[in-house]
Each structure stands twice: as C-alpha cells, then as structure tokens.
Amino acid sequence: MFPHMTRILIVNSNTTDSVTARIAAAAGAVAPAGTVIEAVSAPFGLPLIVTRADWLVAGPATLAALSARRGSYDAAVIACFGDPGLDAAKELLDVPVLGISEAAFHAAAMLGRRFAVVSFTAALRPMFEDCLDHHGLRSRCCGFRMGPPFNGDPGRVAEERRELLIGLCQEAVEQDGAEAVILAGGPLAGLAPVLQPHVPRPLIDGTQAAIRLAVALAGLAPHGQRRQERKLTGYDSAVTSLYAGRA
Amino acid sequence: MFPHMTRILIVNSNTTDSVTARIAAAAGAVAPAGTVIEAVSAPFGLPLIVTRADWLVAGPATLAALSARRGSYDAAVIACFGDPGLDAAKELLDVPVLGISEAAFHAAAMLGRRFAVVSFTAALRPMFEDCLDHHGLRSRCCGFRMGPPFNGDPGRVAEERRELLIGLCQEAVEQDGAEAVILAGGPLAGLAPVLQPHVPRPLIDGTQAAIRLAVALAGLAPHGQRRQERKLTGYDSAVTSLYAGRA
Amino acid sequence: MFPHMTRILIVNSNTTDSVTARIAAAAGAVAPAGTVIEAVSAPFGLPLIVTRADWLVAGPATLAALSARRGSYDAAVIACFGDPGLDAAKELLDVPVLGISEAAFHAAAMLGRRFAVVSFTAALRPMFEDCLDHHGLRSRCCGFRMGPPFNGDPGRVAEERRELLIGLCQEAVEQDGAEAVILAGGPLAGLAPVLQPHVPRPLIDGTQAAIRLAVALAGLAPHGQRRQERKLTGYDSAVTSLYAGRA
Amino acid sequence: MFPHMTRILIVNSNTTDSVTARIAAAAGAVAPAGTVIEAVSAPFGLPLIVTRADWLVAGPATLAALSARRGSYDAAVIACFGDPGLDAAKELLDVPVLGISEAAFHAAAMLGRRFAVVSFTAALRPMFEDCLDHHGLRSRCCGFRMGPPFNGDPGRVAEERRELLIGLCQEAVEQDGAEAVILAGGPLAGLAPVLQPHVPRPLIDGTQAAIRLAVALAGLAPHGQRRQERKLTGYDSAVTSLYAGRA
Amino acid sequence: MFPHMTRILIVNSNTTDSVTARIAAAAGAVAPAGTVIEAVSAPFGLPLIVTRADWLVAGPATLAALSARRGSYDAAVIACFGDPGLDAAKELLDVPVLGISEAAFHAAAMLGRRFAVVSFTAALRPMFEDCLDHHGLRSRCCGFRMGPPFNGDPGRVAEERRELLIGLCQEAVEQDGAEAVILAGGPLAGLAPVLQPHVPRPLIDGTQAAIRLAVALAGLAPHGQRRQERKLTGYDSAVTSLYAGRA
Amino acid sequence: MFPHMTRILIVNSNTTDSVTARIAAAAGAVAPAGTVIEAVSAPFGLPLIVTRADWLVAGPATLAALSARRGSYDAAVIACFGDPGLDAAKELLDVPVLGISEAAFHAAAMLGRRFAVVSFTAALRPMFEDCLDHHGLRSRCCGFRMGPPFNGDPGRVAEERRELLIGLCQEAVEQDGAEAVILAGGPLAGLAPVLQPHVPRPLIDGTQAAIRLAVALAGLAPHGQRRQERKLTGYDSAVTSLYAGRA
C-alpha cells in the first residue's frame, strides 16, 4: 500500500505568483484522493524563465524552495519547462523529484510510441531539444509543431491560439504519426484536458503528468548515502542547509 | 481527482499460474488504496518465455487475456520481461497498457540519471538490450551486472543467489556510477524491496514499477479513432474480437 | 559452388491470394537460373497488414506458412513491409530468412551511401521508421518522399500515381542527394524496373531485393543449437511443430 | 532471370600476389554456377595495408585495377578490410562495387540480429570500428573478441591460432549473445567454412560474403548520370580515364 | 591580425586559492607572447566541486567572477572539469568562453581520431560521460582508463600516482587505439607536459588546451543581440548585473 | 610560451592557383603576430573538388604538398571542404594537421551550442553531412540553409548571392535557433567577416577558423611512434617519402 496520504510539493521555478496559482490549479485537477499538494514560487530569481542562463540561475532558487519545506513532502515537482535544478535536486533530496519536461516526455513515451511536441511558439524548440537530449528520449519524438512568434499577453495565449493549437495537434497526429502529443509551454498549463476532445490521441500536460508520476514514485527513493558536511557559501540558508552532513 | 476506484489488470504472458501468483503478490504490495488488481495467466502459449520467438507467440496470447476482460480495467500491465504484445495492445485497447521492462526503464530513468540492470544470469542481456533500444533508453543505462549461467530451480534463484545479487547491485553503484538499479528477471519479482536495505540507491522491481505507473496513467488514453471492422482469422475469439469495428 | 538448385519460399504474410500472385511475378522476374521459387499466402490472419497490431498477429501466421513447408526450401522471404515474424523465423528455422523491408534497406545501402524511401502515401512512414530503427540503418536513409493519402483501389495505385512516383524519385535524387531509392509499399511490388529508366539512380524493389539476397545467403545458416522440446499451445500444428525438439 | 553469365572482378588492394591467390581461392569456393571470377592485385601501392594512411593510398591503386578492366565485369569486390577506394568506386563505376568489410557486416546483420567480430589480433579493432561507423551498422555489433599481438608469419596465423579463434567465436556466441560471427582479417580469408563445424552460429568470411552479395546485386546499378569530362593529373592512365566524360 | 594583446580571464569555479595558483601556473606555461592571463577563484560557492549539485551551485559563482571583471578580457576559461556555468556564460557574455572539459575534448578530437580519458580515479567517470554527451563528442572517445579510489591528499596525487598514470596512458594507446589522451582531473593540472615524453601520442591538459583555444577564438564572438533589462533577485550584484539591458 | 614564430602551411587540395590566392588572403587576415603562413596548391589532381571520388584522388595530392615542405611548418591546414587526405596526414606527419570542415565544426561548436551550416547551393549538403558524421558532431548541427542550384561563375557567387546568404544566416538564427553559423563552400572563403555585421551570432569561415586553431595546437603533437620503412609505389616521390622509416 502507498502511504495513506501522499504529500507533493510543486515548485514554480520563477517568482511570479499568478503562474504558481495556475500551476496549482492544473495540479489539483488530477491529484488522486489521499494526495495533498502544495505549490510555491521560487523565493528569488526571475519572474520568467526563457533562456539557458535563466535555467541556471533558477536552479538554486528552485533548490531553496525545495529545501525550505524539506520533510513536509513525499515527492516534489519542478514546474518549469527546462527543469531547472532538477539533477541537483535529485541528488540532494531524499525523495523523488520530477521536472515537468521530464514527466511529459516519459508519460508521452508510455502512452504512444511516437510523440509530438506542440506549442504556441517555435522559440521554445531549442529548449525542448536540449531537454529531450538530456533525458535521452529524442528518438521517441516524431516532430515539433509550433506557432509563429507571439508578442501578446502570455496569460491569454491559450485562449487566443486555441484553434491554432488544435490544428497543430491534429497535424502532428495525421502528418507526423504522433501517438501522443505534449502540449508544452508554461502558459498552456492545464489546457490539455480542454483540447483533448478535439484530438484523437492522448494530450499530455506537463504539470499534470508530473503530479501523476510523482505520486506513483513516492516512497521509491531510499535514504541514500551518508554525506559529509560541506561548506557552501554565497547562497541563502535554505540552499546551504542542503550541504549539511547526513548520517 | 482520479476515479475513486482504479482497476488494473495484470497479465502474465506465460501460462504458469504459480508465476502469476507471485506477480500478483508483488503487485499487491504496492497497490495504493482505491486500486483493485486482478492478475491472470495467458490463456495459451508457453509456460516460460525466453527467446525472441517466444515473445512473438506470447503476444497474441497476451492480447487474448487483455481482450477477454475488456471493460473491466482502467489500465493494464504486461508482466513479462520483453513486453510481448505491448505495441499491439497499446494500439488496440482504449486504456493505457504498460510492459514491466518499459516501466522499469522509465521509473529507473526518473529516479536516477544513470541506471544499471542487475540479474541472476547474463542470458537475459540481449533481451534487455533489445528492449532498451526499442524504448529508446539505451543511453540512460550505465551497464549490466549479471551472474553466471543458472541451471537450478528458477523458483529458488532469488534465495540462492541473494548474496550474489546484493554484491552485483553494490558494484553497479560503486563501479558503474548507477543511481538506480533495476532488479530484472521474472524469478526476481518482488525481491527489490527485500534487498533495498543493502543498496544505497533505489532498487526497481519491474512489476511494482508498472503497477505504480499504470495507476498514474489511468484515464489518460482517450477513446481513440474510429475503426472499421476487419476480419482476423486463425485466432481465438478474444483476439479476433479486438478487430471488431468501433464507432 | 552453390547447390545446383536453390529453392526459395516466399510468404505473403496476408491472406490475399491476388497479392501473393503479384509478389510471385515480381520475384520470378529476378530469379536466377537454377532457382525455384514458391509463393504462398498466410494460412490465416488478415487480408491486409497496416498497423503494428497487424504485424503482431501476422507473425504467427507467417511462421505457420514457413513451418508447413519446412525442408522444401533453402532460404525464405517474408514478403510484407514491416517484416512480421522475422526475428522469430530467423530463430526457429535452420535456413536464412529475409524480410522485404530488411532486404530493401541492405540492398539500397550497398548500392548507395544515402538512400531514400519513396511511396505512394505518407501513412507508411512510421512503419518504415520503425523498421529502419529495428535494422539499425536509420542513419543511411536521407529522407522520405511520399504522396498524399490514397483512398482508391490499391491494385491501381501503381498506375494512377505513376507520374507522381517518378517525380518523387527524382526529387529524392536531386534534392535529398539519394544515391539509391527504395520504392516501397505492397501495391508497388514489381514497379521499380518499370520506373527505373526515368530515375538516374538504382531503384530498389523490396521483393526482388529479397529474392536476390536470399539466393546469395542460402547455405550460410548452420544447423544451429540443439533445442529441447517445448510445449506451445493455442496455435495451429504448423506453428507448434516449430517448438518440437531438435537434436 | 539474371544474365546467364555473371562476371565478378575481385581486386586485392595490395600488391602481394600470394594474397591475391588466397583471395581467389576463397572466392572460387562460393561462386555459383554461371559466375566467372577474376582476381587481380593492385597495380601499385603497398604490399600490406594496415593503417588509415594505407587505406588512402590504396584507394587510387584499387581504382586503377577496377578501371583497367572496365567493361569486363558485372560487379566488383574490393578485397581488403577497410574497403579502400570503395566510395569512389561506387561513384565512378556503372556496376555494383562491394567492399569485404561492408559485405561481411551486411551479411552478418541479415543472418543474426547481433553479430560479433572475431580476429587474431586486437590491432585491427579501430579499423573495424571506423568501418562499422562508416556503414552505419555499429549498433548491430555486440562486441569484439580478438587475440593478443601476433608477430609471426601472417601466412601461418590461421593455422597457429586455430584453437584460439574457435574459442573466441564460442565466447562471442555464449557470452556476448552473438547470432552471427565475422571472422575478420586478411590472413583469415577462407577460414570460416573450416571453423564453422565448431561454432553453432553462422561464421562469415568477408570475401565469400562479398562474392555472394556481388552476384546478387549485379545488374541493379543503372547507367547513371551523364558526366562531363574532367581533367585529372598525376595518376596513371587507368585512374585518369575514370574522369573521362560519359554521355 | 589578432589584437596585439589578448587578455584571457581564467576562473577557478571553486573557492580554493591554492588550486587557482596551480591553474594559473599551468596556464602561464602555454600562453603565447602577447597574451595576458589573469586567474581568479570563485567569490563564493564550494572549496571542491565533485557532484552534479556542486556544478549547479558553482555556476552562479563562476558567473559572478566572470561578471566582476567584464570588459577586462577578450576570452574566458572556466577551469573546472564539468564546466559549471558554461552555457549561461556563453549566452550572457560578449566574448568567447570555454570550459576545460570542452576544450580538452575538442583539442583531443582535432589531434587524434580516437581519444582516451585517463585520470587517477574512476569516480570522475560519470561526470566525464555527462560532459562528453553534452558536448556531443562521446563517439570520439575510445575509452576510459582510471585508477582505483584515492583517499590521499589531492595535492600529492600527481606525484604519488605518476607511474600508474603513465601506465594507464600507455594502455590507452596500445590496447584501446587512442590517438590522443586527455589527462583529466583538477589535481593533474599541468601534468601532461611532464608525462608526455613517456607516451607516444599527444597528451592533453584541459587548462592548457583551453588557454590555447581561447586565444584562438578571441574576437570571434560578435556583440550579440540587444537585450531587455530583466530583474534578477537573490544573487550578488555581479550576477544580477549580467541581466542588465544592453543596446 | 608558444614558439616565437609559428609557421603554418596551408594546402589548397585542388590545382587552381587563383583559389589558393583567395585562401591565402582569407588566412592572412586572421594570422596573429608571429605567424608565418605559406599557401600552396596541390601539385596534381583536380582543378575543382566536388564529389567523394574527388576527395579520394585529392588525398594523395594533398599529402604530396604536405610532404614536399615537411620540416618547414609547425602545423598545417587542408583548405578544402571535405578535408581530403586529412586522416592520413594526421597519421603520417609529426605536426597537427586540420581540415577546414573540421575546424569550422569545432570552432562553431565552441562558440554556440547549436550551429547551422549556410551555403550558396544545396549540392554541398551530402558532403557536409558526411563530414559532420565523420567528425562526430552531427548532433550539434541544428540545420542547413542553402540556396538553389548555381550555374554561374563561382568566383562571383559571393557577390551575386550576398543578400541571399545574409537572409539564410538570419533564418538560421531566428528559425533554427542557431547560435553560430558556418558560412561554407570554397567560393565563400573570406566572406564571413564581411557579412558578420548583418548577423547577430558568430559567423565562421572555415579557412580562418583552421588558421586560428592550427596556431593554437602547434606544438601539441609529439614525435610519435617509430616507424619501419615501407615501400610505396605508384606515387610521386613526395608521397612515397612519407613512408620512409623514422627512428
């Protein structure tokens, strides 16, 4: 049996609370009974994460959020495409930690032999290719279908490009042979279930996939190796406390 | 919320009921509250599945078992390393279907950047390499640690080679840098939690990983495309009924 | 010297005798002197093979055809793109067995450093990509050129899309740098020699390539390992007899 | 029907006639009825080809031999591991040209899903790895089994290391899961059929595989594209004549 | 002509000044005339960088050092195996930035078709494999030769394991076919020229390779794209100033 | 310190002196102080190198040029896309030798995580793909942008297609996410610095990259292994002298 209550911490790696609220809503919609979800923003860093440099500086900020609540969750989700801080978090924490890119790729791969990535703008493609390579799943991706540059309000892109996105998903299925479709990009969080009726293959939402998989893996990480205390300077106490020793 | 009750069908692709019972026990040990698990043997085929030809003939037998109970489960697991019939089952059924090799690889990849495969005999290595290639995750595997040929009673290998297996797991961690270890091979089902205290990294049991992931993905496969009825001959009615049309 | 007479069995993995007849004609056109070719349909299964599930169920049907005539041929060809049952047949039979996808890829790779795949409809692309990956030759393929969906009579597609296909072959050569071109898809069997005068690079017909290569490899498979008798149930006697023991 | 008579030219890329004679004997042993084989040495170059630089300078020498007999053969074989001049020969000649490494890899891949390379000395391994990469078949090779440095008479290595080689072949099958084994290295030409009774999987001889495949592919290369005459200097007339124009 | 004076900043990503001094000495030994080298330690972070989490937290510390001296150098080197902060630095700075792993791989690849990595302890292998994958050069690496665990004083390992290292380099050349050898690991900085007389192939020192390549590439990065000012919080002013706007 | 004077030999692998002059000019523009550059044409071979066969015959011609001036240079550059003779030259000479394709790929990879290849005609794409595979850097290339067939005077293509090339570079950056762009093709030598102001990412000229990297690596190749004299026939004395023994 799983523990009766599974506690999931979800960290938005940027500092924008409205995004955190949207993520929390998407997460809550798929949390199974017996699951408690808490969503927090990064305590410092950037309001929006776009480039490789952003991923780097968002990494310690994500670690700080994870560290601050240590002991209060059974698994964690890093809710930012690009998965900032993910490898470090897996190493430093004693519970499973999943990124939403990682979770989307694995869920899509289990639901369909060929998966496509659909998003509202092609600007995200290099980031997704980096992530696919990092997670080793590039060969399972049958293509990208992405819209033209978008300069409007990210909060409204899901609505304004709804028809475009449905069309891109359908093309991915019909022309690329996609058997599952990842609907990617922060501003589209929670949109997959809404568009699903229009697409004949599973539509994957990264946040929701991560919640499902985090619940599934909770309890599987053992306490790990002893660690010597090491002295880390220049970071806030939440980050440095991750370098404290452990028996 | 997930459905209040998640029903998982687990199919042992061979015809040996004692193996099915062991699989059911391993599965039951990780089923979360609200999950109902049913385990069945293949209705025909082989008592033991070892080679590529075996996988092929075990495929329709696995489909027959899946088909016979259609409608009574929300996700299914094919509990045979090598995942016989998996691609066909994913295509023909309207619920998620996972193989235990597939599940072990994905779970291990999410729990550690480099995972090792440990088993009691090297004879299984080609099968695992085929599977890793098929699922696209070869680059995440940092090596195999496997024992010498075993000619004893498979039902006793877990006990007889217990110390050997612990040693292989430890070598995988220390010498190959494995961050997660798959304990692979049918006769080792359920052994991972027993050996976990002796290994400082997550030990993955394929059956248990598959149950966890199947629960996680239940509900994500949409009803799929309409299908025309097609006439399949030469198989039992459970298999041929999968080719009936669907509106 | 090769044996004076080389006997090739060619199995159409589907049950449609008119297709078997067309395959036999294509095969006969390239059989060298001293070769006897017999073509048979699958004794059960599907009239047309299109999807991954179809490949699976066509596998045992193909094995049944191969088994029924065991001892009467020196090499065999599985004449169905996707190569159903191929790995199992290689394992269970004591003579070389080639699939037509496999043969097309290897022949094309030996005739040109970069080969293209041309077909009348893009619906076949995922199958060919799966096959290329399975045979390890994806890196030799420089691209696909395929027509739009075709809803007409498959028996007439070679004629109706003749000009389209010539154009696609030429584009593959001129724009993709293809040095050999596979003309793929069951309904195009035998078309390559007809279109060859219009294309300045070798055009490969899968069936004909397979006949050529099967003749070439006949005699190279040794009698193999002893096998214990194993009990297979649920299949017709031709399939189960493949599991009989062998000294 | 194939042409009644198939003429194969086999070029030994080095200048040592005794090696050419051994190659001719190995080739003759598998030539089917209706095949005429001519074997020639390179007209210039090196007596032994060992390194990458050797391959390069052996390339034009091989082209010279191929050019000198142009019109007198239907397919050609370059009988030197490493395949010197192969890509150029495929481009410049209007008949199929195969290298013996290339042929060994393709034949092995068609006879077994995993093939091993066995040779008398590990010094050849980098060359084989280069060749596997060049032909795109590295993923099909399950390993190398090679003997220690050999400083004796190459003409006697096949005899002196016979038991060693049998042992290496058996290890490749039993420990690496090889389903076909390439017996590689010039001094081992013709040895495969001799050792075959001791190994339970197909043993591949590069020269013999190349003869079989060259016969199979003869007639498949069309006359190719028109070419403008281009002026090549510094080579003997056989090489420069390959750059003459062609209508 | 290059600028008359090329200024290189070399950042030791850890905070240990004695290591910085050793790096500076190794760097100075290969600086061409007209080059000015400045070496600095990370202003915060860790005294030793060993794990993936360490790389992450060392990244912003490395950026801080690079930022603090912005405008005073024409190219920069990150002198820490694992290349912390490298991708971000390439993105945020207007001059070329090289990591010493990156530089070692590229230099080795240009000096030999197959390169080996030799170090005093196998504990570094996963890090090097990650780096090879990240830089895309895994296929050029023909193997690792590494010593057993070392628990002594890192400052003395170069001396204590001198003979072991020479032996490993020689094995890499003779048994693995290495044509260049990277002598890797922070404590071995500057050792390659000392051991070179004992190894018949180029020995690569990461720091020295990076200095050479940084001088070579200085001047090649254009001023880049305009950037909007973005607000980064939680880091010291050197890091946050990298997010200031740029016309 | 580097030697006070670094001497670079640059070999144009074709026989056209006007091309050699253009190459020399491009090279001279980036030679650092203290560098002496000599540029020579191949002493025999072809006036233009276009195909794989051309690469082969240009190889010994390139070796002849390199050999004729042996002892007078510290590093060498083979200034022909496709890098004819490169592997042999690296093996036979005691100084670093770089090809301009090789140099362009490595420089681009160090300046940007994703690089594009831009050229005036798509006819060069297969050659670049071969080269990328040979050097192992295919995964770093994010795409090709190439113009339509060009039948004009190669000496004028840089001028006539200037606007087209700028457009292709910009598309590579904006649509493919290129972070560095290689401007490829012999007739474009020296063009990169001219177009750089119009492209917001580093533009790489192969010749200039090779000069920079050759200066950087000069001195890194040790004297290598002893060699036995070997007898090479059929080549001019410059080539055959490379096979003379060496203590």
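Every chain is named by a letter (A, B, C, D, E and F) in the order it is written, and numbering of its residues begins at 1.
Just so we're on the same page, a contact is a pair of C-beta atoms (placed from the backbone, for glycine too) under 8 Å apart; a residue touches a chain by one contact, two chains touch by 3 or more.
This structure is a prediction, so every number in the text was calculated from the model and none was measured.
Please report the minimal path length, in steps, between chain B and chain E on the chain touch graph.
The fewest touching-chain steps linking chain B to chain E number 1.
Treat each pair of touching chains as one step and give the shortest count from chain C to chain F.
1
Please name the chain that ends up farthest from chain B once chain centres are defined by their CA atoms averaged.
For chain B, the chain whose C-alpha mean is farthest off is F.
Can you give the rotation angle that fits chain B onto its twin chain C by Cα atoms, in degrees and rounded to the nearest 5?
180
Suppose each chain is reduced to the average of its Cα coordinates; what separation in Å results between chain C and chain E?
Computed value for the inter-centroid distance: 52 Å.
Roughly how many whole angstrom separate the Cα centroids of chain A and chain C?
43
Give the residues of chain C that touch two or more other chains, as numbers and ranges in rising order.
52, 87, 113, 133, 139
Could you run through all the chain pairs that touch each other?
A-B, A-C, A-E, A-F, B-C, B-D, B-E, C-D, C-F, D-E, D-F, E-F
What residues of chain F sit close enough to touch chain D in their complex?
For chain F paired with chain D, touching residues are 15, 43-48, 51-53, 55-57, 59-61, 63-64, 85, 87-88, 91-92, 133, 230-236, 239, 242-243.
Which of the residues in chain C end up touching chain D in this complex?
Those in contact with chain D are residues 1-2, 4, 30-34, 87, 90, 96, 98, 102-103, 106-107, 109-113, 135-140, 179, 196, 199-204, 212-213, 215-217, 220-222, 224-225.
With touch defined as at the start, can you tell me which chain A residues reach chain C in the complex?
Residues 113-114, 139, 142, 175, 177.
With touch defined as at the start, can you tell me which chain C residues reach chain A in the complex?
52, 122, 125-126, 129-130, 133
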